[in-house]
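Two complexes, one shared chain (chain A), two partners (chain B, chain C).
Presenting the complex of A and B:
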């Protein structure tokens, strides 16, 4: 058992996670603006420059930024380990990440090979800083928390996604062939299912029982889900390489691919159903939008799996072929803006309000210890009021409601979907910004 | 065999259950029940804190030689929760539903992140580092406090 480095310190400085949390909705708004600007042209195929810029603005700029901030924050709680020199790490990570994401988005839109090369360097640097800082803290972890194994695998998946992304970006520079579509499919799989999916599942083991006071997830699921997904993604990756290198064994690759995708699907179905079951029997029954986000997330995850298998069936029957592309798009849409977005939004609201309360409370305690008169610290529901949480949820329902028809009928709905998502992200930026300005006012006054 | 982790984590779940019952009672504006449940919750929490502060943390500090580290953070968090308990009681006395549920929202996360650290680290490490004899001595002291 490792004792050196054991720390249960409450939190890194407020600026460490908040710079990531506040930048996230800005990238969300940027994605929405791109959708409004390009309209149905963006959704025409998965390879359009606008589509690539929008998906990367969401997945890197929004999701991964939040995950970077949250992981730096949660390590002492989950692992009993802190990141050494948190401010320096946060600055290095933030600067390289933000400039890297912006450069990549520009590279997609203006197709300049120099920009692709620059984004490879910047994003590579950021992910290495993150993996080094968080990875060493995870390795030092003293905790027995079940989430840790999944988190380590998720960070590994992020590294693989990055390497694949770098190879693809290098292809965009024209210095090698662009490995489409199989390289892109692997990149997508490791990024969405590996990094984002495994991280959400691993965090869920802790936060679902914690926020709604439910029973724990069954042990077999907690122990095996993330390692199995990781192993199956490895198998699926070898299948892709096999297809490429040994094209004569088609039947073998198809069988292995069905096996890997089938089991990953079953594991996600088990996760979604189990989460819904636990929440149904939760002890905490008071009104809370948090639970609705989780219900939407689990429903979307199930629909995403259904669309994925729908596409597999259509592909094998070769009928009705026109459904193939929409089913693929819907599967990814349900996963990204249904499952992941709902969970992230729900978590972000709780984390931000709690962190501000925690830091304000600490300031107040220090004041009192210094013999000064303290003041009343606002609670979470004052920091972000119920009214704004409700409006945020309604804007999410609207945005989700419009993006689904937009995928199927882009000409009619694409720009409308862009507007709905802009409202959603703007509302989020406003709420988070308001919470942070409350913190600043309080801090200045004290 | 009962371990410190089993017993103390079980006590967390027990406190969580009364916490949820108190919140539900306030949500349904059943103030009589809310008073009972809140009283039971605060009593259970104080007993739990007292077990940790007087028995478990000193044993952990002795076994690890870490007097100023993790247990100090845990003690500080107990104080933070105690200040929220006082606010809960105040909201209850004023039958202010919004204020009560606002305090409990904050308390819930404070309490859960605290529990996570204790269950994942302090309890688990105590079981490993103390050895079977000291573990059973700590457990019997815990039972004495709980029975008192």
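Presenting the complex of A and C:
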């Protein structure tokens, strides 16, 4: 796919995305501190308060904050989808989102119904502001690429995740029945596979060929993958509702469930294999950690699918039962900290370097047009140096290497994993801070 | 003096093609045409060209490669030469 409508003038101020980018690793560090504090108790079950707080700190505080920041910045630049009053939207979104996430984390940890109710209001407001601002921009976008179609579906999935999350949070207040586990499973499915998964896939159509100098993804994949995933998630949701409302048709629900989950798995396998294939035959073979992150991400995605189907087989054979819980945990771990975390880190580093370069170039052009002498804009690759990118990748390998045994043997490895992830997120905060201070130095000098 | 300055950026990642094109455009002399070969249409560059007084024409070859020809707006010699290049490079049906 070719870039269209890429525009310097339409880029919002650098402060718009950076407030989200800089806050994201803070939530990552918070998740790591919770893991160090609670240790193996946190990983004991998916329902422990610490586990719920850690997962939401990562998925909302880290992943979604980055996605919010990146979408506000990149949509106008890449797709000509301009968000009106970007500063106001960014402030409204930032304040409601950050306070909402912190309130939710506190609610999980101290189990106060008032905090759950407050988080419903704050997070609901934030997602509605985001969906309205980004949704209207996407509708008016000058480019109507397949990537944009996938992004629209991802935003829709985010809205569904929010509604399900609000219902679950309301259940925590004690005012209605807590819909566990089927409501939680739907919430998890729309959040991870719908919002995060579809957004990553839609962005990949652009960034993999552009930054890794590969051929384009095949048209059939670009055109059908996101809509098919969305449709299958809808089917899977109806199955869950049908299972709940009409329990007599067990065989039908099981068949439909296997059909939807099987096809979603096949689509993700096709995406991972195609990405690895494109990278293998890439036209410019230079050492770049961006590619290593993507290779690791695709490998993790394949392992996640394998563990998921391993769990389905174990559940249907009823043997060996002790493997069921570890396989489920490993499937989610590979997806979240293997696939999503690797892609997010890789894209964050590229986006930050590109944005700083773009804004510095913009300042330089304005200076020259005003008849003043411009300065030399630093090369994009020097904005976050290769040495720091390498150290970040090594800390990621270490953290990933420790979290996997921690899931299986929490007593021995949980706190160690917390320390490793804290180092990873601290390194990220440091690198992003360095890049921003370079931008400020240049701006003040000019 | 070469009338056609060729800049092949097919294997470069953003923003290197943009930076190299701006560098070459600063050195472009009267009668010369900058012929950039790229794997996508450089929208960021297009936005800068009017400010620099540069005219441009893009076409996509049968091999799906973009040929971007750039010359100084007041340079009629370069404009005529660029038209000849367009006729050679571009399959008529795929020209913009």
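Keep in mind that, in the parts below, the second predicted complex is superposed on the first by the 433 of 446 C-alpha atoms of A that agree within 3 Å, B and C clash if a C-alpha of one lies under 4 Å from a C-alpha of the other, contacts with A are read in each partner's own complex, and residues count from 1 in each chain.
In the analysis below, a contact is a pair of C-beta atoms (placed from the backbone, for glycine too) under 8 Å apart; a residue touches a chain by one contact, two chains touch by 3 or more.
Computed from a predicted structure; not experimentally measured.
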(request) Based on the superposed arrangement, let me know which partner A:66 touches: chain B (first), chain C (second), both, or neither? (result) neither
(request) Pick one for A:354: touches chain B only (first), chain C only (second), both, or neither. (result) both
(message) Contact-wise, after the overlay, does A:158 reach chain B, chain C, both or neither (first, second, both, neither)?
(response) neither
(request) Could you let me know whether more residues of chain A are touched by chain B or by chain C? (result) B
(message) Quick check for you: in the superposed arrangement, does A:145 touch first (chain B), second (chain C), both or neither?
(response) first
(request) In the overlay, answer first, second, both or neither for which of chain B and chain C A:283 touches. (result) both
(message) I'd like to know which partner A:380 touches here: chain B for first, chain C for second, both or neither.
(response) both
(message) For A:305, using the defined touch cut-off, is the partner it touches chain B, chain C, both, or neither? Pick first, second, both or neither.
(response) neither
(request) Using the touch definition from the top, say if A:206 reaches chain B (first), chain C (second), both or neither. (result) first
(request) Once the two structures are superposed, pull the chain A residues common to the chain B and chain C interfaces. (result) 3, 6-9, 210-211, 213, 283-284, 354, 357-358, 361, 365, 379-380
(message) Touching residues of chain A toward chain B in the complex: what are they?
(response) 1, 3, 6-10, 76-78, 80, 142-145, 206, 210-211, 213, 283-287, 350, 354, 357-358, 361, 365, 379-382
(request) Would you pull the chain B residues touching chain A in the complex into a rising list? (result) 16-17, 19-21, 23-24, 27, 64, 66, 69-70, 73-74, 76-77, 79-80, 83, 98, 101-103, 105-106, 108-110, 112-113, 115-117, 120-121, 124-125, 128-129
(message) Under the definition above, what is the set of chain A residues touching chain C in their complex?
(response) 2-9, 210-213, 283-284, 354, 357-358, 361, 365, 369, 379-380
(request) Can you check the complex and tell me which residues of chain C touch chain A? (result) 10-15, 19, 40-41, 43-44, 47-48, 51
